[in-house]
């Protein structure tokens, strides 16, 4: 697998593609910043994402969705091709109890067949809540 | 880690606990069957879960949420303790394009500190859409 | 990804390919049984594989190697194509303190681009020591 | 999980502990540098680690072992507690065809129960060959 990073994708176009997905619109995603090296997204809180109402923590599936999609769009932002996620791994470090949540994705390997990106999920005050990695297929 | 499987949890109580979570209610989860060896859940389709509207495929984050929660509740159903997910790994095999989705979780290791469960996500006609594993902490 | 399982590989040929690898010869691997659904390998103990001499436990890297290679050869045994491992995930359940170790690999998804196989590592008396999954690329 | 990073471990003591393991001695590991933030190890080539003799590539199991152990010792180097690996995930980016190999591990989360560390495996000329993550339990 050789590096296939070409030119970064235009910000407006990335935002448009991101919000084609009804689930991304439901999550209320917004692009904060992007470059060939990283993509930062922001997601507001919404009450339906809560897993444990006793502590008001966001569901791990929501954090996993953020890791998944931020990594994929980080590959696109860097000029790579990522048609679908083939696998995803997420570690949950701390309960996410309020929004907005920040997700920062970084491509680790841009490949011809497969690209890999790491994503960190942070609280508004910068604490690491979850982190993980997706493998994205180009064809 | 020694096996700490005790007696399976009562079905009514499991359903009550499952639906305490607002996100689980949003997903519309329903327990199909449960035993000490496996737990089967069903999730109806809803338009907000779509990732790619061109093919109408469910978002990988939704499938990940199903793998995460089904494994955790499979550990509970088997009489184990699972307070939170520590990590999650999911492989996406085929696009999920219609509901209901079925999720079948099986405990692999019931430990004092950590339990592991595997979950498969199937289409209504029994095709394997995604599969994965969660590690759940007891304290 | 459509299923590309063709006809299972001949046992003699599988053994020959398995032992082309100097590392596999160092591990002393032997095929116990094979079919389109599973492959069982056996590995004798050797003192160099010990991680913690206080309890005489095998190194996690050795168990990981077994998960990796058994899954890949399970795909080959089932008639699939697996050129290289793209990623590997292993859970360690119990210390492996004596040999021989048994590794049982099962293909989960045979794909055109990517195949997935699960492997369990068992002690001689059948206790689950480690389990995991590899993703194998065909080209 | 709160951060439990205390004071970094003494270099001589870390090297002594690392080489208690017969498998680590077989691998020929050497500590290049260490701090509370990262640990760098070096591993010489040896012919027994080859998987595919046609291209002379190191076995994925060897790279996995390096990811596993470097992460665990990076947690120790940072003053954390890591008794055993509970799970390991590795991505293979490029064939490793000559030595020495360099492994750089960084703690991501130092927890009371569980610590997480990321490790990168690099060729002598600095190319990323593999990368991954281990979860290490403290008790």
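Each chain gets a letter, A, B, C and D, in the order it is written, and its residues are counted from 1.
Going forward, a residue touches a chain if its C-beta (ideal position, glycine included) is under 8 Å from a C-beta of that chain, and two chains touch if they have at least 3 such contacts.
All values reported here derive from a predicted model rather than from experimental measurement.
Participant: Relative to chain A, which chain has the most distant C-alpha mean position?
Facilitator: C
Participant: Where are there more C-beta contacts: A-C or B-C?
Facilitator: By number of C-beta pairs in contact, B-C is the larger.
Participant: With chain centres defined as C-alpha means, what is the inter-centre distance between chain A and chain B in Å?
Facilitator: Using C-alpha averages as centres, the distance is 22 Å.
Participant: Which whole number of Å gives the spacing of the CA centres of chain A and chain C?
Facilitator: A distance of 32 Å separates the two centres.
Participant: I'd like to verify one number: the distance from the centre of chain B to the centre of chain C, where each centre is the average of its C-alpha atoms, in whole angstrom.
Facilitator: Distance between chain centres, rounded to whole Å: 27 Å.
Participant: Mark out which residues of chain D touch at least two other chains, giving numbers and ranges.
Facilitator: 86-87, 89, 91, 135 - these are the residues of chain D that touch more than one other chain.
Participant: Any idea which chain C residues touch chain A in the complex?
Facilitator: 86-87, 89, 113-114, 135, 137, 139
Participant: Give the list of chain D residues in touch with chain A in this complex.
Facilitator: Of all residues in chain D, those touching chain A are 1, 89, 91, 93-94, 108-109, 111, 116, 128, 131, 133, 135.
Participant: Could you please specify the touching residues of chain D with respect to chain C in the complex?
Facilitator: 20-24, 26, 47-53, 59-62, 64-66, 68-69, 84-92, 95, 132
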